[in-house]
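What follows is chain A paired twice: with chain B in the first complex and chain C in the second.
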Partner chain A sequence: MKPLSDGLLRRLRRVADLPDLSDSKYRLIRKLGSGGMGNVYLVEDTVLRREVALKVINIPDPPPDLTARMLREARIIARLEHPGIVPLHDVGELPDGRVYYTMKRVQGSSLERYSKSIEPLSERLRIFQRICQAVAFAHVRGVIHRDLKPENVMVGGFGEVLVMDWGIAKLQEAPDEKAAGGEGVASDDFSSGPQTRSGTVLGTPAFMAPEQARGQVEAVDARSDVYALGAILFFLLCRKNPPLPEAEPAFTKQLAWDLAAARAEDRPLSRPLRAICTRAMAWDNSARYDTVTALIADIEAFLDGRAVSAYRENLLEIARRFLFKYRFLAGLVLTYLIIRLLMIFFFRP
Partner chain B sequence: MHDDTHIGGAGSRFPQTRGSAIIAARSGDAETRNRGYAALVAGYWKPVYKYIRLKWHQSNEDAKDLTQGFFAQAMEKEFFQGYDPAKARFRTFLRTCLDGYIANENKAGKRLKRGGNAQIMGLDFENAEGEIRELQLSAGTVPEDFFERESLRSLFEVALARLKEACETAGKMQHYRIFERYDLREDEAEKITYDQLAAEFDLPVSQITNHLAYVRREFRRLVLEILRELTASDEEFRSEVREVLGVDPE
Partner chain C sequence: MSKPLLGILLGAVLGFFDGMTAWFTPEVREQMVLIVASSTFKGLVAGIVIGFVAQRVNSLPLGILIGLIVAILVTLPFALMEDPATGNTYFWEIMLPGALVGAIVGYATQRYGIRKQAA
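Right, the complex of A and B next:
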């Protein structure tokens, strides 16, 4: 037999990895990319005649319960109907046993790339708010993302923000269902098979809460996502990755140092904004915001010029904020007072 | 690099072990052990031979002897018993053993026909030698990277040989020929469409795509099967699959 040329070898590697869609309604167009959990392909849904993204979980020889677990995961993600979460269309199994999903094809760029082009601080914070809203919704439905990072947030052509890659998400009892006494979902960890055992580190180090980085699966909850959101906020404010949560107090010091050195629109970041980021990224999860909703509330308060829960202001700061918020009114009053003074001075009887 | 004889024949059949050949090679049962060794030899003899030629600058004859000798001694002295999947990949371990073996041989000045005398299976060295000539190696080739790449090439060659055999057995040679024509074409620039294939094989396009899907599925299965045989643990297997099949998007 003739030896395989390098070109042929490359082609065969691709061929061996291609999903076999011969018995499905999908037609393969091309590969879009690959990640830790699998490969993503652009395919055509030949029935609906639309292009969708197909993700194949690339775990060969999966353990027997994996398919069932993946199906369950798909069903749960399918419940996350929110404008900020990529909708899942279909789930199935390839003839070789690999599980696949199809989901909306998202065109745009990752937050990592997109953030380089946004200058105004308020716009960065508005995008951040939209990310938080999607995550808050998932939390209400009992789903913890566990791998939030700028790479996993897409900003579409019309400015829509989408939180992607729920592959290593964790399912907890959904608070809304618990309150409503509905069909509760038992606390479980439904990411792919053996990778979720306690002690196994899942996620991306710079955006991973300390408890997650230590592999304490049981300790990972909504506050771990709050940490990751804080890390995304840090990324948006400082335009770089946050320090790695390796050891205290070095981590907190570095965080404070970086935030103090950051500038937005040629001005240092305000203390309340730095405090919001610091609180979201607190080393100890009990010191963080309890919920993403609380984090959103603080961001909203900051944007509206109100006091934020993460920062206790002194009187001077309250006055300054008040004056800044009502600067138009303050200007009018001041003008009135000046005119009044001038009148008293010039038109004294 | 191409001045001498060749030994062995076309014996490139890959013995199936139905599991890890590494574990089989450490078995207490002689028959299982032999089968495991035979599978490892079949999977690695070619990269080993080429690596000896490149890194150790041995002549064709000496490289043949050293290849045979290495595998013979690995079996005799149970080299692979010491392999720990937690410490390194088997391929790396094998290469380290090989370097140690050749260094010892050189040190002792034992450039004997040791391997040649202990020929353990018919290996088509002429074919391997021809491949070295075709590869047109540059002076900057790193031997360790070369060994990795050649191991991969060997794996796919073995998978293709098995695929052809499986298609023959299943009476699906037409399927294989379509695969050969479409996926194994040498000319990168040649663009073949399904319509062209359909005309060439006198089949409807849907059948062409189905046949192609069948062979590709089989091919993937066989690649995974061989990888399973050439690894010792689930973790190593999965990591190898990611490495072997984890190719960049086009």
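Right, the complex of A and C next:
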């Protein structure tokens, strides 16, 4: 019997790996990528005639806990209906028992790639704001992402921002539901924290809060996402990954050093902006912003030329900010005074 | 900043500086306090009126025109006053800067003032 060639074996392996969608309404087009838990394929919804992304567990005979995790991920995304979060369309099971779910096909590039093409600081900050808004919404719904990094943020062709990969998200009691006195969502921490998902997170530990990197699952809360958002802000400002949160005070010193060295539009970063990033990435979680909403408020204040909560200005800085904010008015007053003085000398007998 | 508040602030500030420039006219230096006070008051009144009118009118050229007219009306009595010491009038010396203040306040309130929405 003639042995199979390597090329044929590779092809067979690829075909065997493809999900069997024969009994579903989906038609496989091609593979888009793979993550720690599953593969993502581009498929066509033959009923609605649109292309969607289908995520399926990448192990042919998955253990029950992996199936449960996949379902949990789908349920988490399903509860997050927000323009900044990829919407989930459908959940199902393949003939071989593997769970899949379909979601919107996101066209665009990851923040990692997109950030290289955006120069104005204000635009980078507006994109950052949109990421924060999606995460803030998730927090209100009781979901902590735990794996925020530039690779997990997609920027679409029209500048729309989508936060992806909620695979290791943690469910908490939703604050809004708690306040309303409704039925809270039980704490639903996936037993395999990020430290066990080496395939997914080892590449970017720079975006993990110190408590998360130490594996202190109990200590991980919304402020851990605030840290990751601060790290994304650092990435957008400095165009490189932040320093690894390995030890204090070396980490904080390195962070301050990198931010001081960074430049935007040929100018050093302003102190308030550096302070926002430093506060979001504080080593101690109690020194960070309590909520993502507070972080958004500071970014908004910075963009509007108002004082930010993370930085205490001196009188000179307050005056400079005021003059810069109302520079046209100040220019008008100055022009008026010049004209007035010219008039005096013109009318002088 | 709302249009009336911006009008008041800018009118008062410009009026104050306008009064201060009287220092460059040596013959009226002795009356500096009165000049600065009346000039600030004049700017304040013009600013209030222009700011409130700007709340209703949303047009840059119209805003400048209204500012000009209001400032001329507010400034006119001061411009027609005689200097009690010399008996001289300083009509154009007062009218021109006054009108300019009005035009600037009219422009700034339209350009930078935030119009309050009706509840």
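Annotations for the structure displayed:
Methods note: the second predicted complex is superposed on the first by the 307 of 349 C-alpha atoms of A that agree within 3 Å, B and C clash if a C-alpha of one lies under 4 Å from a C-alpha of the other, contacts with A are read in each partner's own complex, and residues count from 1 in each chain.
Going forward, a contact is a pair of C-beta atoms (placed from the backbone, for glycine too) under 8 Å apart; a residue touches a chain by one contact, two chains touch by 3 or more.
The structure displayed is predicted, hence computed values, not measured ones.
When the two complexes are overlaid on their common chain A, residue A:Leu342 makes contact with neither chain B nor chain C. Contact with chain B, but none with chain C, is seen for A:Asp20 once the two complexes are overlaid on the shared chain.
Of the two partner chains placed around the shared chain by superposition, chain C is the only one that A:Leu329 touches, whereas chain B remains out of contact. In the superposed pair of complexes, A:Ile29 makes contact with neither chain B nor chain C. Touched residues of chain A were counted for both chain B and chain C, and B has more of them. Once chain A of one complex is fitted onto chain A of the other, the partner contacts of A:Pro95 are limited to chain B, with no touch recorded for chain C.
Comparing the two interfaces of chain A, the one with chain B and the one with chain C have no residue in common. By the touch criterion stated above, chain A contacts chain B in their complex at residues 1-5, 7-18, 20-22, 30-34, 58-61, 95-96.
Across the interface of their complex, chain A is touched by residues 10, 13-14, 17-18, 21, 24-25, 92-93, 96-97, 100-101, 104, 107-108, 111-112 of chain C.
The touching residues of chain B, when paired with chain A in their complex, are 12, 127, 130-131, 134-135, 152-153, 156-157, 159-161, 183-184, 186, 188, 209-210, 213-214, 216-217, 219-221, 223-224, 228, 234, 237-238, 241-242, 244-250. Residues of chain A that touch chain C in their complex: 326, 328-329, 332-333, 336-337, 339-341, 343-345, 347-348.
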